[in-house]
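In what comes next, chain A is part of two complexes: it sits with chain B in the first one and with chain C in the second one.
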Partner chain A sequence: MANYGMIIDLKNCVGCAGCDIACKTENNLDHDVHWSFHITETTGVFPNVGYRYIPKLCNHCENASCVKVCPTQAMYKDENGLTLHDPDKCIGCRSCELACPYNCISFNEDVQHQHQWQMDTEPLLEGITSSGKEIAEKFDNVPFPNYNPDRAKTYDGVRRKGIVEKCTLCDHRILDGKDPWCVVSCPADARIFGDFDDPKSEVSILLAENSAFQLLKSKGTKPKVYYINEF
Partner chain B sequence: MNDLRKDPDYPLYRPILESDRRFYWAVGFLSVIILWALVMYIRQLIYGLEVTGLNNTVSWGFYIINFVFFIGISHAGTLISAILRLSQAEWRRPITRMAEVITAIVLIIGGLHPILDLGRPDRVLNVFLYGRLQSPLLWDVTAIGLYFTASTVYLYVPMIPDIALLRDRTNTKLKWLYTFLSWGYQGTERQKHILNRAITILMVAVIPIAVSVHTVISYIFSMTLQSGWHSTIFGPYFVTGAIFSGTATLLVVMIAFRKLFHLENYLKEIHFQYMGMLLLVFSLFWTYFTFSEFLTGVYGNEPQEMDVILYKFTGPYAPYFWTMVVCNFLIPVVVLSFKKLKTIPGILFASFAVIIGMWLERLTIIIPSLANPRLPIISAPYIPSMTEWALFAGGIAVFCLLFLIFAKIFPIISIWEIKEGREEGLDEAKERLDSYLPDIIVSEEEAT
Partner chain C sequence: MDFINIGAWDIRITLDLFFGGIGVGAFLLSVLLSLYNRESLQSTIKIGAYTAPVSVGIGLLLLVSKIGVPAKFITTLWNVNLQSVMSIGVFLQIGFMVITIWYAVLIWKEFPVNNQFRLLQTAGTFFAFSTGLYHGLFLSSLGRVLWTELTPGMFIASSIAAGIAFVLLLKTLIDLVTKDEVRTDLIQSTLPLGLHRFQVMFFIILLVQLVSVILWQFYTGRLELEQALIYDYFMKQYGTIWTSLVLVGGIIIPIIITLVSLVKHEKNMAPIPTIIICVLILVGSFVMKHLLIIGGQIALPVGFVF
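And now, the complex of A and B:
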């Protein structure tokens, strides 16, 4: 029993998108599917400009609108406060995608689990380089060259098509008492994972000490990803 | 057979008894379109929703637009027929059957549309196995299921006397079907009484069901937190729009069958004048709702709401939005307000405009909200693919085909109700009118 969430320290974040890549490799994500992503905002006119870079992942909201609209109870809140998804019940109606105010849910519509470049038949330089397709064939068309077997502990290693999928806060790693992979792989320690129910956890202390904000707080979804130290 | 030809209502039997080459041509042509749609759908089953233009931000597209559109059209029928029967409008008699058929057919087509949109249509029964009461989609399945049951029964029950007539008076290959479906109806006093009771109960029950269906459909949208959707007005707005598009479809169907089956004697100018009046009223209702909806949004001026509104007013969806306003407001109001323009071709034009306009309304409700996510995410534009167009064409073709087949098997205008109108309606109407008017009191002096 816990109430897992995350704090993102924007002072530390360097905007490298390393978390996005880490998530892709850890969870064997298809192209066009993003569990961890970022939003950017540029404001002003040169030379007075502002730039925001905000990493974004599923907020595992306490009042999750995706859970409410799901007609088959495929989307559910587990006992650790995570918003998880049952791939056996999902009918792929995509209601959760519209209900989520953060656009954090992706639909897995890809057929061959192949990246665009793997299907590319034109070589970059005629007669000099091989085409993407040729390279892929050399490697026996493995869908994920860097396939991570750990992912298969709680979900299909490569997820099924025709249904939605989303960030699970690396529930397979949480089972072993490890932090999510995006947290571990962040080069700047910007992501801090922990249990908000435990008053002594790092996230609880950071939340108490800092003035934090949440994305679209006014929507009343009670997101559990907090952002601190924006400058 | 020969005495049937002398029947004044023979034109109503004619399409059933006489074969027409054009009928088979139409069936063939429509079948080709349906086959094309079927092939495209099988292709979608094999390759997944990748063959559509949907993406992760615009995750609902043509299928849901058409779903809302078709279910909207289904409102014409049952609701209008029930209201006309309930108010004892005598001019309803040649119209009710067609209206009810529209509902039954379009509900089948509309009801199947969400399944086209599913990533895993094979699991559709999970909605019943693991249904979540809080989900608007489950409400939808329930409401549409109930509506379909109610409106099919409501179509079938008033048809029983006609089926019995066909059983007794015709001798076609389908006699066994008429015998089976007429349930031994002989037209005795008791049977007539039970039939009229059943129709009365059904027409009262069907009205709240019909209203609830489109309200619930609007809830799929208004229950989410999307800007442009999260609005209290959506329930009645959708119901109004539904009746509006349904009336227009009914008018088109009436004009088409009038021409095809030579029913000028049954569907007279006056029927179109009255139905046109209904269309005009709903056009004004729709305009009023649209105005209220957008005025609230613009006045509030919330940035996210304004993103969606400007996307419709001046952005990429402006052509569709303003065409919708012209089709749903300008054309019907102008055509139907002036006596000179309110001819049958004029009404046909206005009806087509309304059907197109209402489809565009569904489009401009669904896509712009999805294309403007609340967080600054760049969304890929939604361009419907050939598959989606094919299935749209297929849906319309199925509608026409089922309608033609229905008209080939059953009379498209209720024969017994026309007869009843001739035999009893006149006296009844006179009696009713007499009861409205002040009684003439003759004083004793004058009497003597």
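And now, the complex of A and C:
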């Protein structure tokens, strides 16, 4: 039993969006779905201007509004404090999407990873490249070329049409004792993952040593993604 | 400032709430009138009884068609989340639907007067109020800026008014077509507060709706920055429609017409004013619910997350 969460060190974050890309490849996200993303804000008037780059992901809130409003218990808290989604129970009512104050839940209007290019019979360059259809046929029973089969250990490998999906904090990797892929792939070590119930964990120490803030704390959702060292 | 429209719900949700609301109002009217002078009011009671299940059914079908996996709607009956207003609401809506069908069938077959029938009416009244309240509570439970604690009051008042308006409109049109005497006064009945007269019914319900809408307008824009910004944006986008069709057309004009009729001690309301009032109330109810569904999905730009 743990209480997993994340700290994002904004002093280390260089705003490369590598976490966004890493998340997409690890979790087989389609082009319009973002579990990890970022917001930017420019303030002030030249020459006194400010710029903020805030990486965002599901906050795995302790008091998750998506869990409260879900009519079928498809959104639930697991024993490790993660806010997870059961696609078998989800009916696609999208209440969670409206209840989440962080806009971290996506809805799949269409079948994921099925695109027009996969039907194209014309090669991009005649005699040089394959056609989209030929490439699609070589997928070898996976939905798209860079499909990550590990994702399917705990969640649908590719999520279904008509239901929502969200960040799981790479629970399939946590299961194997690994950190989430956005944490591992960050080139600046800006993301730190760990157990907030363990006082010796890096996240607990960082939280104790630094002044931290959470997004929309006033909403009362008790988010478990903390930001430190904002400058 | 670029506001975000989450756009999770479309007009089908509005129609569910609108038709469901008509069902609630029609059923309550039918029960209320059946308590008194059921013989002379039989046709109105019947219209109300038949309208309720059809209207609620249409609403439910539209709701089911909107969810991502309609075939899984039935699973809400066993995957219950007691924290979720929607989860409880599913039972209320289905319960109400079953009762309205049962009620309509009994009225169609024999129109009995026995304890069983009274029990059904009592249970139906409970489910009708619960369903009417649920529509607003469901929205306010999602914690979105424009779906406040005042939404349930606005919704139930609007639903009851729309239900009565729909039944009365239908009754008036049928009477006009069949060249019967158009009667909207129900003078032979003796309901307390003069509720046997549609003018009084409308006047009281519309007054409740007016107060709840004004309170909503007053408080929503004044609580905190996020609410104020979204409310201002909402009013800039839809303020003209809101004021003209919801506030003035849907509530104030019908209140004035009914008030004039009451002051003149009119026993009968003429068919044309009746039709005008009913159409205005129905349009106002629909527009109010639709604008609130749209407005509730407006969010601040992504930068406003602190």
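What we mean here is this: the second predicted complex is superposed on the first by the 200 of 231 C-alpha atoms of A that agree within 3 Å, B and C clash if a C-alpha of one lies under 4 Å from a C-alpha of the other, contacts with A are read in each partner's own complex, and residues count from 1 in each chain.
Rule of thumb we're sticking to: a contact is a pair of C-beta atoms (placed from the backbone, for glycine too) under 8 Å apart; a residue touches a chain by one contact, two chains touch by 3 or more.
Keep in mind it's a predicted model, so treat the numbers as computed, not measured.
Of the two partner chains, neither chain B nor chain C is touched by A:181. Once chain A of one complex is fitted onto chain A of the other, the partner contacts of A:65 extend to both chain B and chain C. Contacts of A:155 after superposition on the shared chain: neither chain B nor chain C is touched.
By the document's definition of touching, of the two partners only chain C reaches A:213; chain B does not.
In the superposed model, A:4 makes contact with neither chain B nor chain C.
In the superposed pair of complexes, A:193 makes contact with neither chain B nor chain C.
In the superposition on chain A, A:94 contacts both chain B and chain C. In the superposed model, A:39 makes contact with both chain B and chain C. Residues 39-41, 56, 65, 68-74, 89-95, 97-99, 101-103, 107-108, 161-164, 215-216, 219 of chain A lie at the contact with chain B in one complex and at the contact with chain C in the other.
Within the complex, the chain C residues that touch chain A are 4, 6, 8-9, 67-69, 72-73, 75-76, 79-81, 83-87, 90, 141-144, 296-297, 299, 302-303, 305-306. Considering their complex, residues 47-50, 54-57, 59-60, 114, 117-121, 123-124, 126-127, 129-132, 134-138, 141, 220, 223-226, 370, 373-377 of chain B touch chain A. Remark: chain A residues 39-41, 52, 54, 56, 65, 67-74, 89-95, 97-99, 101-103, 107-108, 161-164, 213, 215-216, 219 touch chain C in the complex. Of all the residues in chain A, the ones that touch chain B in their complex are 32, 39-41, 56, 65, 68-74, 89-95, 97-99, 101-103, 105-111, 161-164, 215-216, 219, 221.
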